[in-house]
């Protein structure tokens, strides 16, 4: 059953040191900036949570969102496909200094591993990465004349995601390409926390148009005017 | 690119003897009755296609749809999870006479094997069926203290499905629980043929509400007033 | 020996009392389906059906059926506000991924280690499995609801199942016409029994040892 | 030796000519993206981007960007009528499942057996792979578009890649600043070359033998 929080901090207060967090978004599209910043606020006040493993396609940009988490020293490890970009200074610095661990995963494999975690599939075979450095140490097998790599599911303790609409049962929709990883992460995390621009009564979303079903969502917080990471980065905002 | 057919028979004319067909629907909900009956018409006229393998959750009911295909002698093998019901006389008779082969697959495994076929995943592990007769001969493995069975993808030459709305680029939506296997089958078949109640211009479906993307659909035929299998069975209609 | 026993409806009533507020539940076809009608007042329970509906409600009035809106038993249903539709892979991701709180299934046989047989009576007839083999591995708790014995009076609770298995070591609680039992590392542990049936009588119609590890309560259900 | 060669835009123009009407295409970040602007008139091509958009169009006018509507390169895009949004697993089901007709990628190196290296220049710096390793295994055809040589004038077409691989035996066609080549069981087969560059000159800047199995056409592109 979904809990509807009055304060954003209430949704995050039990995330412990060492937790595995999936954070939605591809670049800034779909990044739950308010949830991330509330988690940084908690860290700045209490010193927790730290030593986090963060699973996201990227590794943060500029001085906000995941980049600000990294700069604050909350993140021990990133699991992502593309931690390199013009604005990924926070991760790049931490990585080159040896202050953060990186598990690099091809983007489609990352998505499928997360889905598998949510769908009860502990392992699957993909052609992706066969014969490359990213397949080193992984089992391989031939099916119908083609070689495949075996990959394991990926789960998390918490998922932080950004929805466009939610109803009070936790059913969600997303805005355009902001959907990306969020529906998968909602399935794969023990506790899924969603910020939503609008919060409707049950029935407010057409049952045929629900993207994430309420069964996958544990906590909701209304954020009626969410920030857009890309705009913050362009404005050179630093969240510290 | 999707072809929009003028006559329903045009969409089916190249299905050969021995083809593997996925047919959408769970019981009567989502059954593409007009496509199935058009295929029976072709068989009655030309003697083709026959020796078909049909993949569906069930094995037909009453005297219409897949049951009528079986009675007509077009089907050599069914791949399904639940071929038994009060009205599944056609399959039951053929099966007890040894006239039809059955591959029985647990329902969730059937769905996941079809998805895997569409998603380029040749094999995956599931807890389903471990230690049962349906796992005999299959590889098993322990992950994190639990035993799993390895299952293979399932693909088809053709998929026949029923949509509620389509646009001319092949994007589809479905009506309520008639969705069931159709989006998966559209992904897993070499050629996907959809009948649709309404046919709209591109843009007629909100891009956020598309369930099956046009990339998975090859042929469309408008069937503005589709029959409902359950109603036909209750009316004891026989299509022969 | 005719023992006093609960009706099917009463077993369903008893099982309904254990479903907590806010639970996501899948009810098997047949007797388990009847549990929904005994949901205690004030609890919100969301029902899942394999064919891609979450949050369905009662059957529609006769003549009001929409055959695109059915459950896994292919019966017409209605939906409640906040319901959702999804495809079969997503539906079984909910099941296999452990997102359901409870699945309640029927049984031919249950073994003392939690093995369940409920899909095949052997080689005669057309075999059919449906979603049962998925449900037994997915839900956080898997309960069985059944008569205590077969129509011939033979035990359904056994040391080992003799019929083809649906799943191994998957059942954790059993609601029968005579008793409520948990499956533990010890085997069948008796939690409740119908008043008027002695422990020895119950043991006689059970195919494996019954254990007691705390007070056995009376199994009572209203006339329903 | 300075050879006459195509500009990046001209290579993109040439690659665009081969994209058939009705194709579903993924264009890699950078030079491959420019192919879209040279799509021949009268052809409908549907572009896919990894982050869950099918059927996107041109970049919006400056100031009109919506940062929820971006491509895999994180650039703002627009959508065409009939576009659709989907999650990342569905997006890579399209890729890995072989539903794209064509993926066009950049390259650091391509080997004569079709091996591609385009994601890592070695151990220095932050590694990043994105969707490239998926794309090389998914699309029905995988083409590369690249300068024929590195900025230092070294061959990018080789017997074997020396940089970390993106995928093995995955590339089938290469559009370079000097030539169009197919990868066949023989190795690199020359299909077109820039007029004014001799076969021997081309061989000199190519790190593996060039083969000819039919007439070599002139590689010509308009000023674009």
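Per-chain numbering from 1; labels A, B, C and D assigned in written order.
Convention: contacts are C-beta pairs under 8 Å (C-beta built on N, C-alpha and C of every residue); 3 or more make two chains touch, one makes a residue touch a chain.
Model, not experiment: these values are computed from the prediction.
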{"item": "Co-neighbours of chain D and chain A - touch as defined", "value": "B"}
{"item": "Most widely separated chain from chain D, with each centre as the mean of CA atoms", "value": "C"}
{"item": "Selected pair, greater C-beta contact count between B-C and B-D", "value": "B-C"}
{"item": "Rounded Å distance between chain A and chain B, as computed from the means of their C-alpha atoms", "value": "35"}
{"item": "Chain B and chain C, separation of their C-alpha mean positions in angstrom", "value": "30"}
{"item": "Geometric centre distance via CA averages, chain D-chain C, whole Å", "value": "56"}
{"item": "For chain C, residues that touch 2 or more chains besides their own", "value": "85-86, 89, 92, 95-96, 137-138"}
{"item": "Overlap residues in chain A, where contacts from two or more other chains coincide", "value": "112, 115, 119-121, 126-127, 174-176, 179, 207-208"}
{"item": "Pairwise chain contacts, counting only pairs that touch as defined", "value": "A-B, A-C, A-D, B-C, B-D"}
{"item": "Chain D partner contacts - residues on chain B that touch it in the complex", "value": "1, 115, 117-121, 167-169, 171, 187, 201-203, 205, 207-208, 210, 213-216"}
{"item": "List of chain C residues in touch with chain A within their complex", "value": "21-24, 44, 46, 48, 54-55, 79-86, 89-90, 92-100, 137-138"}
{"item": "Residue numbers on chain A that touch chain B, as the complex places them", "value": "112, 116, 119-127, 141, 143-144, 146, 148, 152, 173-176, 179, 207-209"}
{"item": "Of chain D, residues touching chain A in the complex", "value": "50-53, 66-70, 72, 74, 85-89, 91-92, 95-96, 115, 120, 125-134, 137-138, 164-168"}
{"item": "Chain D-facing residues of chain A, complex", "value": "26-30, 57, 81-85, 88, 91-92, 95-96, 102, 104-112, 114-115, 126-134, 147, 174-184, 211, 228-231"}
